[in-house]
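Each of the next two complexes has subunit A plus one more chain, namely subunit B in the first and subunit C in the second.
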Partner chain A sequence: MISESTRSRLRVAIDDPDSYCSGAKRKQLQVTYDKLLDELSIKLFNEPCTNRMMFRQKINSTSNNSPVFISIKNMLRKQDSLFSKDYRDHSDEIKTFLTNDLDHFLKALNGE
Partner chain B sequence: MSEKNKDIALKAWKVYQELAKGMGESAWQIRSIYFATAAGLIAYTYNSSSPILYLLVSILCLLFFVIESGYRRLQDQYIEKSMAIERTLNDFIANDEHPRFPQSIGTDVDTPSFKSLIKLFELKRIIFWLPYLVFFFLPVVLFLLDVKKI
Partner chain C sequence: MEQHPTYKAHLAALGIALDLEMEKMKFTLLIGSFARGTGDLHSDVDVLRVGHTQSVMRPENIDWRLPMSYVDYDSESFSKLYDEGSLFLYHALFEGKLISGDEIKWRKLKKHFIISSDFRNSILEYLDVLTYIDEYPDYENSYVPYLSNIFKCLKNVGIFKLASKKYYNFEKIAALKLGCGLTDSVARTLILANAVFERSTPISTQLMNNFQNSATEWRFRLRDQIGGLAHDI
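Here is the complex of A and B:
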């Protein structure tokens, strides 16, 4: 469903969440995440993902309740923390997103 | 039921936004009063040839900083509440089956804490603390250099 390069980049971030909470590495993670959504959108809906919210709407409107879809829905729910720009410190939220939601998605994808 | 929940979320979001805006405006008023007073006091001290008065500007700086930081910390809490509602609204827009709601909706906030005061000194908030820092040390330097009208 997703390319090996995307999977391995996300895996690196999940294994070292502290480094990916801020700065250039956070930006790298954002780009990789957008690439992940794009790949998922092409695979599931035959079109690129141009907007995260619209992709989420499409996913939520599907009736598929397989473990992979449930993990995608949960991941999309929490994705905002990765892109937040306000004054607050988002490190904890990003760490939770990586080690919980994104990790669960990759594991569900592997059928674990 | 869902429509009703959406209305409640929207109304709560508007209330939080208004409260956060009000706190922000009050904080800016406090700030402008201090800087006008400080500038006037520095000018008066320079003309009066009594450099000790420069230190009054630093003392006032501390007082006004404490007051403004209190408003900022209250504003931060309302912004947090507002963001929690934004998550709910985003869930509604995304057609989520079970939109997330905050534990409760209310305008009560915690008393500003020392920990939240420390957070105001983050680099991200330099616009908040840098002017106060300058206006705290500048009068001290002017006093030590004994700057006055000759």
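Here is the complex of A and C:
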């Protein structure tokens, strides 16, 4: 469903969440996450992801309740912390997003 | 060596008890393109809130369909950025339009602000991200996020490079053209791709084709672009 390069980049971030909460690594994670959404959109809807919000709406409008879909829905619901523009410290939220939502998504993809 | 006067020192100069004032200091500003008078249908309505996160009335004469985008600083973050001479704070102080808050205090903070002159690390951070994008296999095939992420990095590199020359211009088109040396057409395509990706700007098949072509071109030029930008930091 997703490329090996995206999967491995996400895995690196999940395994080292402290480093990916801020600075250049956080920006890299944003880049990877956007790529992930595009790959999912092409796989699930046969069209590229042109907007994060619209992709989320499409996913939420599906009635598919497989573990993978549920994990995608959960991940999309929490994605805002990764892209937050304010200067409050979002480290804990991003760590949770990585070690909980993204990790669950990858595990669901693997059928774990 | 020039000392940055601290936010605390300013507050003291204003004759205000620090702890009490930190809690009281609340400002709301219109920032970004609408503060500069250059906002359009591809722009967000950017609002800076300092010391609070209350909802803000949309300024008059701004299209109701445009998304409000909040940037929030608590007192501690604001203080830190002030002491660092943050470029972003400079932009808020000197281009922002005060919507609510004590205007006299805001003017005094503005008057005593000293902007940093070293943006090398900020530029290098964005160049690192561009390199990450460039080395990411097949990213150009995800053309809208690809162009959007290139836009965000180049815009910031451009702004910081211009600021290094003491030219403070926060317009995205100026950052891309003057700061990064892009042509008008290439710069506008990146801006549009970002508007589509971040703000749900409607997209036609023709536009998607343009993005696809642009992404292919960037695939071949991004490394040289990064090298050029890194050359004269």
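Note that the second predicted complex is superposed on the first by the 112 of 112 C-alpha atoms of A that agree within 3 Å, B and C clash if a C-alpha of one lies under 4 Å from a C-alpha of the other, contacts with A are read in each partner's own complex, and residues count from 1 in each chain.
Everything that follows uses one rule, which is that contacts are C-beta pairs under 8 Å (C-beta built on N, C-alpha and C of every residue); 3 or more make two chains touch, one makes a residue touch a chain.
Please read all numbers here as calculations on a predicted model, not as lab measurements.
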| item | value |
| --- | --- |
| Fit or clash between subunit C and subunit B when superposed on subunit A | clash |
| First, second, both or neither for A:Lys43, with subunit B first and subunit C second | neither |
| Which of subunit B and subunit C A:Ser3 touches, first, second, both or neither | second |
| Touching partner for A:Lys107 - first (subunit B), second (subunit C), both, neither | neither |
| Partner chain(s) touched by A:Lys85 [first = subunit B, second = subunit C, both, neither] | second |
| Partner contacting more residues of subunit A (subunit B vs subunit C) | C |
| Which of subunit B and subunit C A:Lys35 touches, first, second, both or neither | second |
| Which of subunit B and subunit C A:Met53 touches, first, second, both or neither | both |
| First, second, both or neither for A:Arg11, with subunit B first and subunit C second | neither |
| Subunit B and subunit C footprints on subunit A, overlapping residues | 53, 86-88 |
| Of all residues in subunit C, those that touch subunit A in their complex | 69-74, 77-78, 81, 125-126, 128-129, 132-133, 136-139, 142-145, 148-149, 153, 196-200, 203, 208 |
| Residue ranges of subunit B touching subunit A (in the complex, touch as defined) | 76, 79-80, 83, 87, 90-91, 93-97, 100, 119, 122, 124-125 |
| Partner subunit B, residues of subunit A touching it in the complex | 53, 56-57, 60-61, 73, 76-77, 80, 86-89 |
| Subunit C-touching residues of subunit A, taken from the complex the two chains share | 3, 5, 9, 23-24, 27-28, 30-32, 34-35, 37-39, 48-54, 85-88 |
